[in-house]
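The chains carry the letters A, B, C, D, E and F, assigned in the order they are written, with residues numbered from 1 in each.
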Amino acid sequence: MSGFMRLLRRDLLLAWREGGALGTALGFYLVVVALMPLGLGPDLNLLSRIASGILWVALLLAALLSLPRIFETDADDGALDVMALGTLPLELVAGAKSLAHWISTGIPLAIMAPVLGVLLNLEVRAYPLLFATMLAGTPAISFLGAIGAALTIRARRGGLLLALLVLPLYVPTLIFGITAINAALLSPDGFAASFLILSAISLVSVVLGPIAAAAALRTQME
Amino acid sequence: MQLFVANLVVARGGRTIIDDLTFDVAGGEALLLTGRNGAGKTTLIRALAGYLRPIAGSVRLDGFDPERDVREACHYVGHLDANKASLSVMENVAFWQGYLGDGGSGTAAGDALWAALERFGLDALADIPAAYLSAGQKRRLSLCRLLVARRPLWLLDEPSVSLDAASTVLLADVIGEHVAAGGIVIAATHLPLGLGAARELRLGEQVAMS
Amino acid sequence: MQNQSITQRLANPTRFMQLTDWLMPLTAAIAVVVIAAGLYLALFVAPPDYQQGETVKIMFIHVPSAWLGMMGYLMIAISSFGLLVFRHPLADVSAKAAAPIGAAFTLLALITGSLWGKPMWGTYWVWDARLTSVLILFFLYLGLMALRSALDDESLAAKQAAVLGLVGVVILPIIKFSVDWWNTLHQPASVVKLDGPAIHSSILVPLLVNAVGFSILFLALHMKAMRNEVLRRRVKALRLAEVERAAKRERTAAAPAE
Amino acid sequence: MLAMIDLGPHAAYIWGSYGAVALVLAALVAWLWFDGRRQRRLLAELESRGVRRRSDRG
Amino acid sequence: MSGFMRLLRRDLLLAWREGGALGTALGFYLVVVALMPLGLGPDLNLLSRIASGILWVALLLAALLSLPRIFETDADDGALDVMALGTLPLELVAGAKSLAHWISTGIPLAIMAPVLGVLLNLEVRAYPLLFATMLAGTPAISFLGAIGAALTIRARRGGLLLALLVLPLYVPTLIFGITAINAALLSPDGFAASFLILSAISLVSVVLGPIAAAAALRTQME
Amino acid sequence: MQLFVANLVVARGGRTIIDDLTFDVAGGEALLLTGRNGAGKTTLIRALAGYLRPIAGSVRLDGFDPERDVREACHYVGHLDANKASLSVMENVAFWQGYLGDGGSGTAAGDALWAALERFGLDALADIPAAYLSAGQKRRLSLCRLLVARRPLWLLDEPSVSLDAASTVLLADVIGEHVAAGGIVIAATHLPLGLGAARELRLGEQVAMS
C-alpha cells in the first residue's frame, strides 16, 4: 500500500474515531439552513425560489468551518514535521488530506443537502440536480480550502482569517453550481454547460490546491 | 556514511542564531549538542532536518543515495510526539512504519513492529489508545519510530525528557546499537544521556549576541 | 441500610444495576403490551375525525412523540441540576443516556408532524412558532451530544453538558406556549388544559393509552441506556487500571537499577 | 388484517408516519442492544485477563 | 478603577492591538453579504425584500466566528487561572469580557450593516431601523455567545461546535430583530412592541450569559 | 498565619492522584514539593489554589481575613506565563498589579511597579512587547506579579524553569524575603532552588497505586 493510501486511510479513520467531526458539520449545516427562513420570513414561494442558493451558501459555510481540521491537529502534535521526512512529496500529503476532507465532509454535506431542501420547500425535481452539482463542486471546496488551511496554521484567530482567504476562491464554484441548477429547472439542456464548467473548476482545484498548500506548509514549518 | 556541515548560518525572526558553524560527523559516531537555553540547539536540529532553510552554508550527507533528498535519510524526534490520542499504540506505530519505511512485506513488517514495542516495553499496551499513556510512555511511543523504519541519520531533540532511569538506559542502548551499525546520531540535551564515547558540540559560545 | 430513601439506594451504580436487572425487562414488556393495546384502539376502534378524516390517526403517535421529546429534555435538565448541585453519581449517567432517546422522539415528532402537515396544511413544513421551537429543541439535543463527543475528559464533559442542559431548558416553555403567544397554524393545546380536555373520548382514550405506553417505553429505553453507560464506565476504569498496573510493574522492575 | 382498514386518500402519509416511528424506535432499540452486548463483551474480556476493580476484590 | 473596568480596558486594548480581529470580522461580514446576491441571483426587488434578513443572518455568522476570542487566548496562556484568584467574581470577569466583545465586534458590525445594505438594495428608510435593532440585539449575541465560548474552550474542533451550540440560542434575537424592521416598514407603530421584546432578550442575556459562562469556566479549570 | 491541609484527596480523570495527604505550613516557612514525574505536584498546587475541587479533605488558612476566600490570599505562577504578547512588559505587569492588588494609590503603585521591574532586571525592557522576550525573561515577567501585589501565600510550579544561574539566585532571594516577612511559599521543583532552610515534601511515595 502506498504512502498516499495509508495517509488517506489514517485521516478517514481519525475523522471517524474523533467522532462528532462529521456530525458537527452536518449539525451546523442544518442550523444555518434553518436560520435562513427565520431571517427571510416564512413565505414558502420565496423560499423555494432561492432554496438552491441558500443550500449552496450554507454548505460553503459549513465546509469552511471544518477546514482547519485538515492540517491543524497534525501541525499541533508534530505529525506534520515527521510527515515531511517521508518519501511522499508534501504535495501528495496535502492531496491525501484534502481528499480525506472531501470524503469525510464534502460528500456527507452533499448528501444532506436534498434532505434539507424539504425545509426550504425546494422543487422535487431539483433534488437530483442539487446532489449532482454538489458532488461535482465540493472537491473544489476541500482542495482550495486546503490552501487557506495551510496558510493559517500558525495565525492567531485562524478561523476568521481562513474564511476571509478562501471565500473569494469559492465564488466561481458557487456561481456555476447555482447556475447549473437554475438552468436545468428552466430548460433541460442548459444544465450541461454549467455542470461541465463546475467540474472543470473542481479538476483544476484538485491539481492546484495541493501544490499551493504544500508551498504554504513548507514556509509554515520554519 | 558521513555528514558534512559547512559554514552554516541560520536565522530566526530576523536574528542570526547559528553563525558560520562547521562540523562533520562520521558514520558510527554520536554527537551531543549542548549549550544554555536559547543557544540554538533546536534551531540547528531543525535546520539539519530541512525544516529551516539556512541563510548560507551547506549540509551534505555522503554515502546516502544521491538521488534522494537528505530528509529521507532522517528520523526526527522532537518535543511534540506526533502520535494521535484516539489511535491505539499499535495503530500509531504501524502508521509511521508504513509511512516512513520502505513498505516491506507484511509479516516481516509485523515482526519489526512487535520487536520495537517489546523493546520499549509497550507490548502490553498495544491496544490501548495513546490518550491513556503517561508522559514517559508517550515519549517511548515516539522513540519506537526509530526502530520500525530504518534510517541512517537520527536527529533527537532532548530525547530523554520525561523518561525514567531504566528507560534512559534503554535509550542509550538503542542509540549505541544504531551507532555500532554505522548510523549517525545527533542529540540535543541538557541531561547526561549515558553515551560513553559521544562527542560534544557546545553551542552558544561562538554566537554573537545582537 | 433499611431506611434509606429510594434516591439514596439508587445512588450506588452497583445497586442500580441490580435493581434494573429485572426492572428493565419488566418495564419493556409492559410497554409493549400497552403500546399494542393503544395501537389497536388507534387503528381499529377510533373513528375518523369529522374535520381531519382518517389523518387524525397520525395524532396517536405524533402527540406522544412530541410529549416525550420534551420530557426527555426535562429529564436532562433535572439530571443536570442533580449533577451540578447534589453531585449525584448517577445524574450524569442519566443525562447522557437521555439525550439520544429524547432526540429520537423529537425527530419522530418532526417527521410525523411533517407527514400530517402535507394533507392538512398542504405542505410538509412551515416556519410557524411551534414547529420552529421544536426544531430548536432538536438542535439543542444535537449540541449536547456534540459537546460531549468533543471533550476528552469525561467529568469535564459531564459538567459542561450540564451547564448547557440547564441553559437550554428555556426552550420548553417556549414550545409549550408558542401556540398561545403567537397565532399559528398549529393546534393549540386541547388535552393538557386547565378546564379539562376539549376532545371527544373516542379519540382521547387511544391517545392517552398510547401516551402512557410510549412513556413506559421511554423509561425502559432510558434504563437500558443508563445500564450501557455504567458498563462503559466500568470498561474505561478497568482499562485505566490496566495501564496503571503496567506502569507500576515497570517502576518496580526499574527500582533496583536506580 | 391491516389491509382491511381503509384510510382514505391520505393512507400513504398515515402509513409513512407509523412506519417512521417503527423504524426509528427499532433503530434505537437495536443500537442500545448491540451497545450493551459490546460493553459486556469488553468487560468480560478485561476480567478474563485478570483485571479487576478494587471494589470487586475486597 | 475597579477590576471590572481594568479588565474591560485591557480586553479592548488587546482587541485593538491584535488588530485584524475587528477587520477580519468586518471582512467576513462583507464577503458573506457579497456572496448572497451571487447565490440568490441579481433580482433587485427580491434582494431588497430580504435584505434585512440577510444582513441579520450574516451578522450572526460573523459575530459567531469571533466568539472564541472571548476566552480562548486567556485560557491558553494561563491568564484565566490568574484571573480566578482576583477579588472580582468570575461572573463579572465573564461579563467584562462579553462587554468588551460587544464593544469591539457587535457595535462595529451594527454600524457596518447599513453600509452593506447598499449592496442589497435595502430601502433607504430601513437604514436607521436596521441600525437601531442591531444595536439593541447584538448584546444578546455577545453575552449568550460567551456561554458557548466558555463551554468549548477545551473542546476539539471548537469553532464548529460553538456554532452548533449558540445558534439555537440566537433564534429569538434573530426573529424579533427582523420582525421589528418589517413591522416598522409596514406600519409606523408596529415597531415598538418587537423592539421592546428584542431589548428585553438582550437584558436577560446580559444577566444570564455571564452566570452560565462563569459556571462553565469553573469546571473548565480542573 | 498558618496553612492546614488535612486528609486531602484529589482525583484527575477518574484516578486518585493525591490520596489522604495531611501537612501544614506555618508563616515564615517555605515548603518544596518534590517527586518523580506524575507524582502529583502540579495537581496538589492547583488544588491548593482552588482550581481543582478535592474529593475529600480540607484546606484552611489561619490568620487570613475569614470573610474572604482562600484564593484571594494566593499567588499562582505555573507553566503558562499569563502575559499578553502584544502588550508591553510594563502594561502586562501594570494590569496584574491593578487586577490582583488592592488598587492602591497612583504614585505608590507606580513606584512598586518600577521596583519590581528593576528587581528582575526588566526595567530596560519596559516598553518592549512581551512577544520579543526570551524564555527566561518571560518567566521573570511572570515572577514580577509576586512583587507588585502583596499576597501571603505563594504557589509556585517549577518557578526556576528556563532561568539562568543569576536569575535563579535572584528568585531564591525574593522567596527568602517573602518568607522572612512571615509569608508562606510552596514550590514544586525538580531542580535545587538554593533555599537553605526549606522543608521538603516528597510526593508519590505514599500514594497507593490502584
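Worth a mention:
The definition used in the following text is that a residue touches a chain if its C-beta (ideal position, glycine included) is under 8 Å from a C-beta of that chain, and two chains touch if they have at least 3 such contacts.
Owing to the predicted nature of the structure, the values given are computational and were not obtained by experimental measurement.
The rotation relating subunit A to subunit E, fitted on Cα atoms, amounts to 180°, rounded to the nearest 5.
Looking at contacts between chains, the pair that accounts for the most C-beta pairs is A-E.
Between the Cα centres of subunit A and subunit E there is a gap of 26 Å. Subunit C has its Cα centroid 34 Å from the Cα centroid of subunit A. Per-chain CA centroids place subunit E at a distance of 37 Å from subunit F. The set of subunit F residues touching two or more other chains comprises 210. In subunit D, no residue touches at least two other chains. Residue positions of subunit A touching 2 or more other chains: 18, 20, 24, 27, 31, 38, 41, 73.
By the touch criterion given at the top, residues 12, 49-53, 68, 71-72, 74-76, 78-84, 86-87, 91, 95-96, 98-100, 103, 145 of subunit F touch subunit E in their complex.
On the side of subunit D, the complex with subunit C involves touching residues 2, 5-11, 13-14, 16-18, 20-21, 24-25, 27-29, 31-33, 35-36, 39-40, 42-43, 46-47, 49, 51-53, 55.
Listing the residues of subunit C that touch subunit E in their complex gives 84, 132, 136, 139-140, 142-143, 146-147, 150-153, 155-156, 159-160, 163-164, 166-168, 171, 174.
Subunit C makes touch with subunit A in their complex at residues 114, 123-128, 132, 135, 139, 142-143, 145-146, 149-150. Put simply, subunit C touches subunit D in their complex at residues 14, 43-44, 48, 53-55, 57-58, 61-62, 65, 100-101, 104, 107-108, 111-112, 115-116, 118-119, 217, 221, 224-225, 227-228, 231-232, 234-235, 237-239, 241-242, 245.
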